[in-house]
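Note that the chains take the letters A, B, C and D in the order they are written out, and that residue 1 is the start of every chain.
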Amino acid sequence: MPPDNKLSPDPATAPSGAPAIHPRLALDPELEQSIILTKIDWLKDWSRRNALWPMAFGLACCAMEMMATAATKYDLDRFGSGVFRASPRQADVMIVAGTVTHKMAPRVKRLYEQMPDPKYAIAMGACVIGGGPYSRFGYHVVQGVDLVIPVDIYVPGCPPRPEALIDAIRKLQERIRVRGGDSLRPDEVLRNRERILAMSAS
Amino acid sequence: MSDAAATPPPATGAAPDAGPRDAVTAAAARLLAAKVPGAVVEAVETGRHPSLTIAADKLVAAARVLHDDPELAMDCCHLVSAVDWPAKTPADGPGAIEVVYHLVSYARKQGAAYRRSAVKNDGFLVLRVRVPRDKPEVPSVMGVWVGADWHEREMWDLMGVKFTGRASLRRILLPEDWPGHPLRKDWAYPVEYHGIPIIPPEGR
Amino acid sequence: MKSFLDGLIDGSSLLQAVPRGLVYTVGILLACKAVLLLVSLFAGEIVWMERRISGRMQARIGPNRVGPQGLLQFLADGVKLMAKEDVIPTSADRLVFLIAPYIVFAGVFAAFAAVPLGAGLVPANLTFGLFYVLAITSVEVVGVIMAGWSSNSKWSILGTMREVAQVISYEMPLAISALTVAVLAGTLNLTEIVDQQQGWVWQWWVLRSPATFVGFFLFFTAALAALKRAPFDLPEAESELVAGFHTEYTGFRFAIFFLAEYAGMFLFSVLTVVLFFGGWHPGVPVSLTTGIGRALGFLVLFAKSAFFLSVMIWIRWSLPRYRVDKVMYLCYKVLLPWSVAAMVVAALQVLLTGGR
Amino acid sequence: MSHEPVPSVPHVPGVVAPKAPPVVDASDLARALEERSMGQALRTEELVVNMGPQHPSTHGVLRVVIKTDGEVVTALQPHIGNLHRCVEKIGESLPYYQWLPYVDRMDYLAAINNEHGACIAIERLAGIVVPERAEYIRVILAEVQRVASHIFAMGVYGLDIGAITPFLHTFRERERGLDLLDHVAGGRLLYHVVRIGGVKRDLSPEWIDECHAFLDAVEERLPEYNTLLLDNHIFQERTCNIGVIPRELAVGWGVTGPALRASGVDWDTRRDAPYGIYDRFQFEVPVAHSGVAGVVGDCFHRHWVRFKETEQAIRIARQALRDLPPGEIQAKLPKTLKPPKGEAYVRVENPRGELAYYMVADGTDKAWRIRCRGPSFSNIGVMTDVARGALVADLVALMGSLDIVLGEVDR
């Protein structure tokens, strides 16, 4: 396995002793209050949350519900999220829909890395959150995609109903509205990993 | 084959209870006795689980005969499975792995008589090959039924049955560097795979 | 344009103080800016239109949350794409990768210079306007080749190969079927072509000759292919080539490709209206020379082109995609012979009746 | 990932393979000169393209490595296993009752058909007799599921071919079918409603009315789908004579289901080796014949068989609804199910082909060995032999017409 596929956090981006500062807070406080910057930030966040293009990327059963969400009855396009892009370069949000296996994990990670910033990930379904029904005996199932990529929104269910996925998109929009549209901070990346590692060691 | 014969009989399929003879299995047994002597080690023609146990070294010849025979015309290998039978105690030897072939014929299936018999056994001819667990080598039937290719690769992948005499026997489902063959009864869950921790079943 | 500026300068003492060259330059730049804004706005609204119409066709609703009826959806999309990270693949040919989208857009945008959007509303009233438009839109192919090649991605290169083969082939039926009108009209000037269609509906070129009637269908089909719209959307066939030639493009650069595609749609629907459907003439004999009349004429043109845009959208969302060899077959064995035949008929008509 | 050359996804740049260091010797030079003299100086090379695991038309996480010469596919190798979820191992680790939900997740578009097969296999092991009404309910649910799955497959095939609207139109009717199953099972996609020895819930009279309405609606809509796809000129040009699977190849690879019937084999497990109560219903088995369009075994016929089967599934469901007897829906079962030593091999006709379970019981509450045969597993295999010489677009058409579900390929 080449080193770039190593799934442990990169020491450069891993949290050091000091708490990482949110890039938006790193500005000069006076500058932060500047009307123009605030307005531009507002416009940026407004556009980001209203044009969340998902990646056309399905893994398993949940992908069918993802398709149902985009299709006739539920119509994700109402929220501006109906443009499913097949190329990760043009996608904003990766809906990890379906079981992530050990064979697939490097590819999921790679696809996530191919997306341009700011990027978001929605963990859709029990398998993606923590291995779901396969977490106990499913030797080939990754016990949570947050061991591989940082996740913004978790949607429980097996599979989650389309309403739940729509709710997740709304939650993501709310999250962008409240705390800005930037991707997850380094200290939030793979936060679940520590927990899992601790459990694994015990 | 002598090693396998020394292992205890499997828990399944061995007890022939009374009942009508399965026509397909009986015909296959007759055919093999005539064409490939010594191929059939054990023939169970009655009961719920009619099957033929074939000697591993005669498997390809037997498969070829079953496939080419105009009467039986077993043109499709429906499934290749393998069952792990580890020895109860070390004294019993290495244990056995049983490779099970379910054969079916589409060429022969026309006709009401077959349809009636099909209800009984679903029309399958079951072949078994028993090999010792520590040296599970079975000749490949890929040359006879091309569809066996992927099934054999899967059985190598999950059960560790080595199919000999075929082009490449690579893993098919699991990554190439996966530790061990998970469906073996004594397989242990890995702790991590390429940096991703795995919580063993006991931890969950 | 020059006469307009001259009139402006003559009417204003302030402008007479500055050198004429400067006024011309600033005026031209402002006009470009206006056209750019207009075209971008239209392209954006066409995106919205497409999403809403396709939604209706598919028993969905379509974007309706951003702004009234989702009208601001394109703004959100655009600003978001501009605010995204600009990824340039390491193995890409950097310079070519960077300028390719601009060339694609320039090809479409430059064509608007000669397209009349209303009576007198034409940035450059060229005597060879039709020729110029058909020629300048071919520049787009160069940009696409640059994009596909420089991305250094396999899907891009496959998409580019398809694009080049397809668009260059369809240039021929496109141009020849457009020329049926030019032959009968006796001019390449688009404004003149429109003015010949003044009056009742049967003065429109599409109804004035069998050659132009056939020519319209050939032109529209070829335009779909030149625009890479379904059923000819092979260069960016999503289910085959991921995203085709712009697979590797992100953010702003991708937005430019997107904009160029929809601006191209607008261009060709306007061109269809101008050539075959009377331009800004509503089909009844009214004079549109006053200021209000010009504005009305612009609205008429816009309404007509909106109809053809809807047809394009309608076709796209109804039909499956052609295969690459069938596309070529359609071009060389169906459209090209027919367009040449239409051209010959038009020429015969000119010979026999003296045109008009 | 040292086992694979590069774990690449489509967007990995690299059109041109890294050039080998120029090694020039006399023979190379001579050959180059000779080629040039023959007018072959233009060097062409084949492009190795990685299709998937993230690709819009691989229906999930199939990865297909194709070698193309321009647009023509010269070789192809499917790589599977990206969704291997260890169902067989879980079957050995969990009691029979608890294993059933995992079966749903194998072929997630036809969960009820999967459950049906698994329950029959376990019942055959344990010698359980299912009440009449439960048998009928199973058939009704299975056929509703088959209708939903087939119209979905038809729509998705349109998506592969490039027509987006048929997909959403089929989805509209599929949603109604899912709602029906939702009412019975409480889940939209994965149900766990067919239980060992019966079914979980009974059908109410209102449900039966609604089911009739659904079947009528689908029957009414089928001509509309055909206008958009089957009768469409472009669709026929894209699918006729494309990806022809000859009969021998199909049988040899173990291709089953609509794909097998499209190759001209008159076989349907429901009719020829009936399970459950399928021998009580009147239905026809659509088999491809050359009278429609194209040649037998091509993509068009696979789609056509799917369409015809939808009609027959509606027919079966109506008969079952008509004959639905009153009575119990669940056999009495022990708290811990311990089938005696023995084995069972059961195959059922899934929308995608023959799903088969090989179960070995050792007398405990857990199976000793469970082996599942996913129909798509064999159906993908045939692609390697068929796709050679096709265009990239044909490959997509072929892959879509086989209607694979990766969940049951990798299990």
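Quick note on the criterion: a residue touches a chain if its C-beta (ideal position, glycine included) is under 8 Å from a C-beta of that chain, and two chains touch if they have at least 3 such contacts.
It should be emphasised that the depicted structure is a prediction, and the values quoted were computed from it without experimental measurement.
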- So which chain ends up closest to the centre of the protein, judged by Cα positions averaged per chain? D
- Whole-Å distance, C-alpha centre of chain C to that of chain D, is 43
- Whole-Å separation of chain centres (CA-atom averages), chain A against chain C: 38
- Between chain B and chain C, what is the gap in Å from one C-alpha centre to the other? 65
- Message: Roughly how far is chain A from chain D, centre to centre by C-alpha average, rounded to an integer in Å?
- Response: 30
- Could you list the positions in chain D whose residues touch two or more of the other chains? 1-2, 10-11, 55-56, 81, 84, 86, 89, 93, 168-169, 172
- Item | Junction residues of chain A - those touching two or more other chains | 1, 5, 56, 71-72, 86-87, 89, 103, 106, 114, 136-137, 139-140
- Hey, what residues on chain B touch two or more of the other chains? 173-175, 182, 194, 201
- So which chains end up touching which? A-B, A-C, A-D, B-D, C-D
- Residue ranges of chain A touching chain D (in the complex, touch as defined): 1-2, 5, 55-61, 63-65, 67-68, 71-73, 86-89, 98-99, 101, 103-104, 106-107, 110-111, 114, 133-134, 136-141, 158-159, 161-162
- Task: Name, in rising order, each residue of chain D that touches chain B in their complex.
- Result: 1-4, 80-81, 84, 86, 88-89, 92-93, 248-249, 251-255, 260, 265-267, 272-274, 279, 341-343, 345-347, 354, 356, 358, 360-363, 368-369, 371, 373, 377-378, 381, 385, 410-411
- Task: Using the touch definition up top, name the residues of chain D that touch chain C in the complex.
- Result: 10-16, 47, 49-50, 55-57, 68, 70-71, 158-165, 168-169, 172, 228-229, 232, 234-235, 237-238, 391-394, 396
- Note on the structure: As the complex stands, chain A meets chain C at residues 43-44, 46-48, 50-51, 56, 71-72, 75, 77-80, 82-83, 85-87, 89-90, 92, 114, 116-118, 181
- Query: Hey, which residues of chain C end up touching chain D in the complex?
  - Reply: 54, 57-60, 89-92, 151-158, 161-162, 230-231, 233-234, 237-242, 247-248, 317-326
